[in-house]
Amino acid sequence: MAPRLSQSSQKQDRGYKSKPKTVKLGTPLISTQVQKYDPLTAFSLSQSGGDELAHGGMQKSPKGKGKERDVGYLSVSSPDTDDRLWAELPVHVRKVEDVRRWFHEAFEGGPLGKLRRYRRILVLTGQAGTAKTTTVRVLGREMNFNILEWGNSGSDDNVNDTSYDSYESAFTKFETFFNRATNCRNLLPLVEMSGATSSQQSQKAQNANSRHIVLLEDLPNILHSSTQARFHATLRCLVDRPPSDPPVPVVIIISDSRPRGEAYDEHGVYSRGRNGDGEGVIDIRTVIPRDLLGGPYVTNIGFNPIAPTLLRRALQTLLSTHSSNKDGQPSKEVLDVVVESANGDIRNAIMALQFAYTIGSRDGKSRKRKKGGNIPTSMLESITRREQSLVLFHLLGKVLYNKRKGDPLSSSTSAKDAQREKMQELLMEDPPSLPFWLKEHERRASKVDVDMLYGNSPIDSSLLSLYIHQNYTQFVDGLDECDRIVECLSWVDSSGGEVWYQANPYRFHILSMGTLHALPSPVTRRNQKFIKPQFFEYLENEKEAWDSVHDTRNWLAHSANKSLDNSWRTCSWSGMEVALELGGVLKALERCHGTSRPPRTHQRFSRMEFQSEQLTSQQLTEDDVDIEEASSQMNDMYSGHARGNEEISGQWLESDEIEEF
Amino acid sequence: MSLWVDQYRPRTLDDLHYHKELSTRLKSLASSGDFPHMLFYGPSGAGKKTRISCTLRQLFGPGVEKLKIDQRVFLSPSKRKLEINLVQSNYHVEITPSEAGNFDRVVIQELLKEIAQTQQVDLNAKQRFKVVIINEADSLSRDAQAALRRTMEKYMSNMRIILCANSTSRLIAPIKSRCLLIRVAAPSDDDMCDVLQYVAKRVGFDLPPDAADKVVEDSSGNMRKALLILEALKMQSPNLNGPLSIAKPDWEIYCHKVADLIISEQSPSRVMEVRGKMYELLSHCIPPTVILKTVAERVVDKVDESLKADIMHWAAFYELRMRNGNKKIYHLEAWVVKVMSLYKHFFYGIDMSDFD
Amino acid sequence: MAFFANSNSKSTQKQKHNADPALQPWVEKYRPQSIDDVSAQDHTVSVLRKTLTSTNLPHLLFYGPPGTGKTSTILALARQLFGPDNFRSRVLELNASDERGIAIVREKVKNFARQTPRAQAVSSDGKVYPCPPYKIIILDEADSMTQDAQGALRRIMETYARITRFCLVCNYVTRIIEPLASRCSKFRFTPLDSSSARNRLSYIATSENITVPTEVIDTLIATSSGDLRRAITYLQSASRLASSTDPPTPITPADIQEIAGVVPDPVINNLATVLGIDVDIQMSDSTKTAQKPNSFDSIRKRIKEIMREGYSAAQILSQLHDLVVLHPTLNGRQKSRAALVFAEADKALCDGADEELWILEVALQVYKAVS
């Protein structure tokens, strides 16, 4: 299909906003779409991001339209002031500022006017639904630039497409689009003609209007190696050219896919390098060629999951703006559930909310004020991801609370429940008593049916072991119990062979029974909270650290190549040697301002600060304070990175000046 | 800029500073015309790769130093693309097959076949064969080793293989029996001092003997580590006289602090805290075995004599588990808990017999 | 295939692109030419000699430790059956661990068995060979074939039974599935006794014109523990090293030990002393007084030193094992406790565990066991 020019509305012509703007770029557009840019609905409109990456060349416009219909009832009213707009964008202010500064530098060239040359490609990464695209669109409105977006074609477009007589590969089309978009100036008049902005507009408006960015969200199939090579070549080619006037920065949006914590994940990391099993993933490393990633032309800004407070505020604003009658509105509890279950994914949250709203309003009519807009919890749970996590919650609770026959009942149990418990216990048989040499293993009969657990478990044994591992310390009283549980974890993990079909089929049972056996009975209640495994975070960090080890190794080889005749044997550093032994030198190098610096990322493996108290772990249930703290910490970290980039580019600037003067 | 380790690496067999006898042997082998497949083994930082490259130079002359770094793409059986870095000259190719992870067999087979089937084109070449250097040979999978064994027999006429490994234990017997084993022991402390002094002279500064001794002591037989420490030291405090404090790498200090954590308190909440630290270490690319060993060494130094053997026993035990298992953290933690409980029981004087 | 080129190179020198025979591994160069040349294995040889006269060969299964002459025997037998001319067309050697899938094996066997052999009694070298009307397929390392592949092989054996004979060569007969093993006549190859190994080695030494002192041969036999291939390889390496120096130096037992990767005896003895094992009864008086606090730290220090020398852990383990097990004064209980540790450590090392940790573990446990 044709490259599509979607235009962000501008201050000047807000009046015309509802009119479709068609731009002809090479090929006639089959489907144009009206896009209204409200930060909130834009989420539903811009579904493309992660989803479309996953589904390959899914056609974009119908989907987008569908979404538009979906949100129809929340018919969009555009925010009237910019303040309002920013208030609604649920992204951390600092993050937005980072992006805004980048755009500013890309168009204006920063304080010295020279940064323009280095602000060529911006990569936005983060989980799905963290407002990456929306930030760009909103900024587009604020800073007055048009967004040229690429969409992969569906097959039907090819059929209708008569302007091409011969078949052209999808990638060639992309290339054409990309090259034209990034330096084609004759786009300008086109935009103006079709854009219904008359030529009597002021010079300023013209200027503003002439700004474009290229947004790549729906990438060509990077997983195909030759396409990847061509894509890389295209990017390199872009960077090699001096920026066109006016500059056309390129924004690439990459949604993360997270590791699932299965055995091969860790193996992938350990096989040292991107050739491990984790190859089939689109991440920044596969999209951007390695040499560019370390270079000055590419800036990477990562987006964090949206903090619950921001998310709630956004949803509330959405509700208050778009529904007039208080009746049909989902209650606060519903909102809470939605926020909590969305996991920082605003797209998901809005969809859930919309669902809740439709059901709620219907209910509201039939039952008239009896329960307000309340929805049965079960319904709500099936809408949100709550249900899933509840089952997991139950599973962990069963295993870790280790209820056995004859446990004292907690004070809160009602008499009826107590009665029922009693009856059940009567039905349970006591296990035969053990001979004296096994006395230490004698336990009262367990109330947990492991087979049942296994049947109902929503997760596999590997994930279960991670959860148990993360949480068991809260439930034990002493080290001996710790010892038994962790020994069991260790044993289960190392039992079985190297290949999946040799895996021990009883892992789940051994794991849960071993844990039950080891835990004290009864478990002391001390207000334990289930925590999410830190494992995934660690895996990601490790992967990144390995990447930077590779970068450092390359840097070693290259810097040696440049300065000496003897490139001889310098490349023989193994990754392990770099990680273990190079730390001291790297640190010293950084301090002494030499001519050639190691890649900044080396800190990922060479720096370790020991903090005696630490860790805000993410809890499995509601506890927003923690997450906020964590995310603000993350923010600090990221702004640290941004500063790092600054310094690097500063350095480049210097060398530039030497060149020029 | 280039690191001293790389810059002042000896380039001919005559330049080598220690293991003179080995050097003469290699020299005579290289000039005898009857050059076998070889397997260099020894601890890391002992100078295996340096000796290999010197031998190559002896074999082929300075032409072998004209290197280019290539990236070659291999296809795995499932048609997945594997990118491998190759360092090569006209006379030799160097690969690290472990970069290909599970698919090292494919890389070995394809590459060796290709090299073996091309004859030496350079008529001036001193030898009729090409040399293939295989780094980290001990991490080759069994499959790859079997494939290698075959190729070693098949293509003897125009190819020689030099393997480089830390230890021979993980290599299958047929490979060992097809190679001439060359053991490269770590340099003695005196040897290392000499090398440090030599490098200092080349760079152009005076290295006080005390400083040299200190560096040597800290690097426990690893020449590369010693030179890196020296370079870092020099950069930090250009004046090497007077009291020096050699900064250990961050991860090592971190490991020591973890050990202190283990000793100072034994409780489930401390287990939790140590776990966080372990995760942190792991995510900085520190291999779990190294973590375990470093922490264990430190713990052992600080506990009562009667506990030491047991602590090391469990370290060995869980290290093996780690090899077989998937999630390293479990095994590290299991060891930590074991040590804590040993330590605690020791202090409370409880009978230890059931821990044996 | 390189193998054929090599083994034929002696008789048919003119043909093929073969390498200089001087560079050829002696293991190939001195493969027995007839089954009578096969060292030791008298029982097997006498049975096989009968098949030579009757020319009817059953399927064969050779098993035994490496380097005992299994492959050599079947090759020699085939050579005597077919003569140099027909050898190529009649014998197929497949390496089971190399050509994995059974599909490949089947394909190769099919292609190979397609042409029915034509008998041709008088060979180019003027001798008469029995040349029976079947082909021989040698499956080396058959025990590394998967169960499935072995099952499929059963079928193949039946299909081509009329014109082919299979010879399975493996180390462990227990890894061959029963239906397959029962179709073959089994021959067990025993490790070589030292006198036949000695004969063979000195024969090679004389043919190669090198002087090899008897103590070197003793060391060769000791380090190779019945594996003749290893002994010959070591000998070749040693002679290569010795002759390449200028002027050529004689081969010494120390050379052999170094080539074989053997840890020198003093190192092992020293370690044993630290572990509290009396190594030399005469010396014990002096060492006993010198060494006393055999504490953890001195053991650890010793292990660190050894590891710095780069010796292979597996080798240290096996030598320490020999020393302990053959020790004259340790009692049975001590030895068996030590043996348990050795077994465990061996498994760990096979699984790729960290060498230093495990050698230290072995040392500590042995120390505990003997004290």
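Observations on the model:
As written, the chain order gives the labels A, B and C, with residue 1 at the start of each chain.
We take it that a residue touches a chain if its C-beta (ideal position, glycine included) is under 8 Å from a C-beta of that chain, and two chains touch if they have at least 3 such contacts.
For each chain, UniProt lists the protein as follows: A = AAA+ ATPase domain-containing protein; B = Replication factor C subunit 5; C = Replication factor C subunit 2.
As the structure is a prediction and not an experimental result, all values here were calculated from the model.
Taken as a contact graph, the chains are arranged in an open line, each linked only to its neighbours along the path.
Relative to the centroid of all protein Cα atoms, the closest per-chain Cα centroid is that of B. Annotation: 57 Å between the Cα-based centres of subunit A and subunit C. Our note on geometry: subunit B versus subunit C, Cα centroid distance of 29 Å, whole angstroms.
Centres computed as Cα averages put subunit A at a distance of 37 Å from subunit B. Among all residues of subunit B, those that touch two or more other chains are 324. For subunit B in complex with subunit C, the touching residues are 24-25, 28-29, 31-32, 34, 36, 41-43, 46, 146-147, 150, 153-157, 167-170, 173, 176-178, 180-181, 183-186, 220-221, 289, 292-293, 300, 305, 308-309, 312-313, 315-317, 319-320, 323-324. Contact residues on subunit C toward subunit B in their complex (touch as defined above): 1-3, 17-19, 22-23, 25, 66, 95, 97-98, 144, 229-230, 233, 237, 240-241, 243-246, 258-261, 295-296, 300, 304, 307-315, 348-349, 351-358, 360-361, 364-365, 367-368.
Those residues of subunit A whose C-beta lies close enough to touch subunit B in the complex are 225, 263, 266-268, 271-277, 279-280, 462, 465-466, 469, 473-474, 476-480, 482-483, 486-487, 489-491, 493-495, 534-535, 537-539, 541-542, 545-546, 549, 556-557, 559-560, 563-564, 566-572, 574-577, 579-585, 587-589, 591-592, 594-596, 604-610, 614-615. The touching residues of subunit B, when paired with subunit A in their complex, are 1-3, 6-7, 9, 11, 44, 49-50, 53, 65, 67, 69, 73, 80-85, 87, 94, 96, 98-103, 135-136, 222, 224-225, 228-229, 231-232, 235-236, 247-251, 253-254, 257, 266-269, 271-273, 275-277, 279-287, 290, 318, 321-322, 324-331, 333-334, 337-338, 340-341, 344.
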